[in-house]
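Inspection log for the structure reproduced underneath, given as structure tokens.
Think of it as A, B, C and D in the order they're written, each chain with its own count starting at 1.
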Amino acid sequence: MSRSLRLTVAFVAATALLAGCATPVAEAEQNITFAIEGGNLSAGHMDPHSSQLDVSALIGRNVLDSLVAQDLDGSFKPWLAKSWEISDDQLHYTFQLRDDVTFTDGEKFNAEAVKANFDHITAEETASAHAAAMLGAGSAYVDTTVDDEYTVSVNFSTPYAPFLQAASTSLLGFYSPKVLETSADKLKTGGPDVTVGTGPFVLTEYTPDQQLVYTANPDYNWGPENAEHTGPSDIENLTVRILPETSVRTGALTSGEVNVATNLTPSTVSQVGDGFTVKSAEYPGIPYSLHLNETNGVFADPKVRQAFSLGFDIDSAVDSIFFGQFKRAWSVLGPTTPNSYDPSLEGTWEFDAEKANTLLDEAGWTERDSEGYRTKDGERLSARWIAYTPIPDDRAALADVIQSDLKKIGFEIKREALEPAAYNEQYGPRTYDITDWSFANVDADGLRSHFHTGGFQNASTVSDPKLDALLDDAVATSDEAERTTLYKEVQQYNAAENLMVPIYVPSLLTGYSDSVKGLQWDLYGRPLFYGASISVD
Amino acid sequence: MKTSERPAELVKKRGGLGLRLLGHLGGVLLVVWGAATAGFFALKLVPGDPVEVMLGVQAQVSESVKAGIREDWGLNDPLPVQYFEYLGRLVRGDLGTSYQLREPVVSVITAQLPATLALTGLAIVFALAIALTTALFVRGEWMTRLASSVELVLVSSPSFWIGLLFISFFAYRLHWFPVTSTDGLAALILPALTLALPIAGILSQVLRDGLTRAADQPFALTARARGLGYRGLVARHTLRHAAADGLTLSGYILGTLIGGAVLVETVFGRPGIGRVTLRAVIDRDLPVVLGIIVIVAIAFAIINLLVDLAYVLLDPRLRS
Amino acid sequence: MSIRVKNLSVRIGSAIVVDGVSFDVAPGECLAIVGESGSGKTMTANALLGLSPGRVTADELLIDGRDARSYRERDWRAVRGRTAALVSQDALVALDPLRRVGAEVAETVEVHGRGMSRAEVGRRVIQSLEQVAVPDAEVRARQYPHELSGGLRQRALIASALAAGPSILIADEPTTALDVTVQAQILALFAHLKRRGLAVLLISHDLAVVGRIADRVAVMKDGAFVETGPTAAVLANPQHEYTQALLAAVPVPKTAAQQSSGQPGGDVVLVATGLSKTYGARAAVTDVSFEVRHGQTMGIVGESGSGKSTVARLLLGLERPDAGTVLLGGSEWSSLTESERRPQRGRIQLIEQDPFGAFDPRWSVARIVGEAVALTEPVTRDRVLELLAQVGLDESHASRRPSQLSGGQRQRVAIARALARRPEILVCDEPVSALDLSIQAQVLSLLGALQRDLGLALVFISHDLGVIAALSDDILVMKDGAVVEHGAADAVLRDPQHAFTRELLAAR
Amino acid sequence: MTVLIGLRTRKPPKVGVVVAGVFLAVLFAAALVPSLFTSLDPLDAEISQALAAPSAAHPFGTDQSGRDVFARVVYGARYSLLVGFGASAIALIVGLIVGLVSGLSPKPVDTVLGKIIVVLMAFPEFLLALLVIAIIGPGETSLVIAISLAAIPAYARVARSQTLVVKGSSYVRSATALGVPRLATIVRHVIPNTLGPLLVMATIGVGTAIVSAAGLSFLGLGPAAPTPEWGVILSEGRNLLDRAPWVAAFPGLVITATVIATSVVGRALRGRS
């Protein structure tokens, strides 16, 4: 008791001290503070090798470097690999590694290190929720072989086009082999001396649910080729503050408490005034969509699915609820997804209550019950929508509008908010009618898990050999034009079948003070701090 | 409400102070054991698989991996084995390892404790200051009536709503305080005040009642008949009597602080034990939930012990 | 004159609680104001210290020769304790229970003797305590009120009143909470203080107390004095009928003719043999034996804590004796189980001191009595009214709740309820102690009449020898759980054998 | 808020009691026939009207999806009153039974039950409710169960001590001395006189329950999103404080008013009993 009492006293004293000299952030010292949402980070999500969460990849980037870098135009540039070759049968990727790279614990970066990391990702104990799949484990990936000290090959059983893209992310970044050997079990919790890579920053302090402090890696001289900066980072200390509340992050930015804040929401962007810039980057991959379960209940009928997609006013809802910050989605891929987007779908399926009504009449839902809902053979036209918690307020508002609009055409929507465990229980056997999510992914191959027979994100339970073939072909070729054609066909397929109803394209909104210079962005719109600095005006 | 034992009950107890202390310590252990046991079995009733929860939505993890995790966590052992292992660890001061955070529950809690202690500590200071001020300075009919109305409103308002109003008014409208949370004393004031107001309301109600009641006692008449004025009466006599009434509230106040911390930390986006609790409850992070239960039980038992001792210090009649 | 009051009135709201009283008190003199509860005597006393909660008006209000009518709170504070001091009823509550006796006495000194050194204050405290004959004053000063005996506590209270050397002492029922033997000592102290020149205003309900030290008496009723005069004259020759009633209400012993003690007429209905009961380590009752006869009264007298109430519970079978037996009508009683005892419970009934607590507060009088009737016979309204009539109540009382009755009426209801079971024996535990003197007399005469009419055997328990004497055929004197004297009433009263009995008698 | 039981009776002015009673009556009417007070549907989202400030058409303004906040608050009365009164009633009944059983049992049983109550009392009600929700999952019924379970120890404690007081009271002794059978004594005297204070406690407890329910809903542990429960509406408003403070302000105001009204009525009841 007395110890915690002393702690409190110390804390209060410390906060008082901070309050005394807090404003403004001492700029001359090249310290940058970055506010993230990060609420789940402490829940075993510090390791991008195992975590499927965005935030894991975001903060992993500070420490973990990749074989290659992807430029904003979608092309790949050398990073830790000086060069690479792809075998003609598309099954073997051979990388020539830099020989001047060391991990911040002194370990050498070489072919063995690459192999150790890829082995770690695919090892069962890692229980990787995303990275292993990105590496093609379970479908295409065979193994990684060491050719000589600085040459390494990654081998596949079938062609796997998204590999380079995957290899450019921090999910396939590299930990020190020593860490993998001695403390692989601690990676999910993370921390100094555990989260050790070759990156531009070294994690020196971690307080779960509060902050991560990074210092510049003084030896860093192996930035990606497309980086504008070279040598060690100019930033001495990079502090990542975990501020789960949007309003708090926004407030922290405008009050100068932090220099950069990400995951701002449309409703708070307007509070960011002069002296700040808000970078809005549309996420590539699958927009926020409603997934209609076509083997369950009313959505077995394509007419009902189409009526559903036309039955609510997406434009007004998205525009109003997101304060014009997010765009309405037309396709199951976002416009920024490289080499795949089909713009011809834009404007093709506007809100049309009349047509929706006609379609439902045609589908035989002609009677009305006392509450005004359509019925057929005494059954009410009703669909059950499950969503997992926490549900952001804007998505709830969106659902309110959808529910309310559909009620007007006699279509009942029942919504259930489920905790993740309960959600998984229903998601597994696919017992719902509707569920919803967005899935940011730089490669259009993200569609495969959504539409391929048995795909783990195949919420619409579609199983069509034709669709499977399109997706398999697309992943088997690295020819970009061919992939674009194939993915456009997939998008057209959905537009005809309405398996997913895309609603809006989320954007990553990142605000930063104008004193921050040299920020770069990855394809997801995430800030990269390697080249950043603070200008002293 | 949670009150500590009333003096009347204490009076009946025989035996010296030391013996009573020993009895109290036994009581503390009993309460902690009871709470830990009840908590353990209650949480075993939780539906849903902790492993699923641990991995989150849409994790691509095979069944065999999940089974392995279950084995590692001892979730496959028979319940009595899990229970006694749990108790064994508890005795050694080990509250287990969080499912979600993958670190010892003790360090999870100690990492968050300072933030919550700072919040609740300042809240208590505010509450006491407000309550004592009203108790001492409110006299006369209309002031009394005003004070009881304000107290009623404070006690009746949901604290999280007060917090939202504060943010809306002081942070967004007037820009007096940062909306932002974690830095500095300025950021602590609104949350602490939010947490303090309902407590201040009830405390000042009880103190004022206690003062009035004590002033109606014969000894107060005697004291006034000696020529003592109102302030002298309060300082020398009635405040001590009212303080005893206030003491009975300490359990209630602790409860309000802990329950309130969950809401206030959420509203103001502050880190702390309340957030950890809420997260652990939502995530079914059983070791953390159990840890919180045990810590709260210990806190309550200790507070009750201190309150009982304070009664004895305050009231010589309990010493014999 | 220390106090001179002309036409003093006190109003609280629209009620006139003191209605134009006039009196004066000279140094070395004691004036007693006597009246029953609610007569306004305490209000009068408080007005003299500026402590009245109401509005005070007077043609003349001189305290120590100065006109106090325009005094503000500040002026009053200078008077209180310094010029005129107050001693009130029960030192256990009139002294702050959380503070040491010394601190309480010192407070008076500190308030009026600004700038006095701590040592000097300490000396004054010891002086004051010694002045009222507190032995080991230095030790006592460090003790808390609850650690002192009732008598010492009351002396400490008086010491705190005298500490700043007032010339006027207002004593409001200063001995009421004390056992009679202690009462006598405190009264002697007052007499002593009076002789030393203090003006004493004594407020009391008890004419016996007044008779001992007061030089003059004012009898108060409904806020006004009905009679004033020298004590001896008023007591010997009361002019006003209220004074006469008050004097008549003082219980007088049964005459020898009324007593039936020793006459073998009544059958023995209740026998207690060797009753003992301990609670924890404390022996409440040790070896008590007696018998009660049909139509007769056994009086049990003793001070608080003497074990007399425990005897009552043992007789009723509400508690089981540790040793000894109670026989009811010659057969086993105390050794029965509750279910065996229940059918016979009607034969022996209880009347308690506080009838208010003895009724379910939500019930009407008719229902309270009806519950008892139902245990012996079908309840009829006539039977209930008959019972109420027996105790001098009528139909108008039947629908009231206990809280809507006066103390005397409640005690009558309690008696009616007991009678409903057609008992042979009534155990009355301090049945009139909570009542005003005049009401006491009425209830006592009611009990006497009922005993005559119904042939009831009474076990009458009281701390007040006067009350016991008024009804009893036999008297049992208890001290510390044991019987110290037992015999026929006239014998015990006339020729007490035990020193304690003599002390009790002397204190009257 | 059961702590108020311990306080000295302070009668609120008569007018206050009448106003509080009328307010509660209106709330009950709203709970039973919400359409009496508003013609709008609480779920009807008019996106063109989103975040409209309070006006004649929308007295409490509209929320992010253009629903009328007043209509939502009116329809929400049903949930809050149900939770408030339902939870108090359950806690009262179970608490009374536990307290009576404990108080009337032989000493050893009473001691054990008393200790169990003490252990449970060691938990703040709100935390206890959280834990119960963790076990049975969120939702409206869960809310009632969680809040009543959390409140039971307090009721049981008061019921037990009141039972002991009544059992040792002079009137129960009188009844025994009169020869009234034990069961009759319990039914006629012990239960009614134990129930009285509990009823007052429950009346004031309704307010506490409503606040707890709103708090739990606010944390997302109560009824799911579109339900117009007051705590849900409040939580919908919390991220709109800068541009639409009315969404959070009005439901909170109504909660506060409701709690004040139940306290005032409860205190008046206590004053009478």
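Following the convention adopted for this analysis, a residue touches a chain if its C-beta (ideal position, glycine included) is under 8 Å from a C-beta of that chain, and two chains touch if they have at least 3 such contacts.
Computed from a predicted model, the values in this text were never measured in an experiment.
Overall, the chain located most centrally, as judged by its C-alpha mean against the mean of all protein C-alpha atoms, is B. Taking each chain's centre as the mean of its C-alpha atoms, the one that lies farthest from the centre of subunit C is A.
Distance between subunit A and subunit D, defined via averaged C-alpha coordinates, is recorded as 43 Å.
Each chain gets one centre point, the mean of its Cα atoms, and the points for subunit C and subunit D are 47 Å apart. Subunit D has its Cα centroid 21 Å from the Cα centroid of subunit B. Contact of a single residue of subunit A with at least two other chains is seen at positions 247, 389, 419, 422.
Touching of two or more other chains is recorded for no residue of subunit C. For subunit D, residues that reach two or more other chains under the stated contact definition are 137, 220, 238, 241-242.
Applying the touch criterion to all chain pairs gives A-B, A-D, B-C, B-D, C-D. Those residues of subunit D that touch subunit A in the shared complex are 43-48, 50, 63-67, 137-138, 220, 224-226, 235-236, 238-243.
Touching subunit B in their complex are the following residues of subunit D: 1-8, 10, 115-116, 118-127, 130-131, 133-135, 137, 154, 207, 211, 214-215, 218-221, 234, 237-238, 241-242, 245, 248-249, 252, 255-256, 259-260, 263-264. Those residues of subunit B lying in contact with subunit C across their complex are 14, 217-219, 221-229, 232, 236-237, 240-241, 314-317, 320. Considering their complex, residues 1, 4-5, 7-8, 10-12, 15-16, 18-19, 22, 39-40, 42-44, 52-53, 124-125, 127-130, 132-133, 186, 188-189, 207-210, 241-245, 247-252, 255, 257, 388-389, 419-425, 427, 437, 456-457 of subunit A touch subunit B.
Those residues of subunit C that touch subunit D in the shared complex are 316, 318, 338, 342-346, 349-350, 352, 354, 357-362, 371-372, 375, 414, 417-418, 421.
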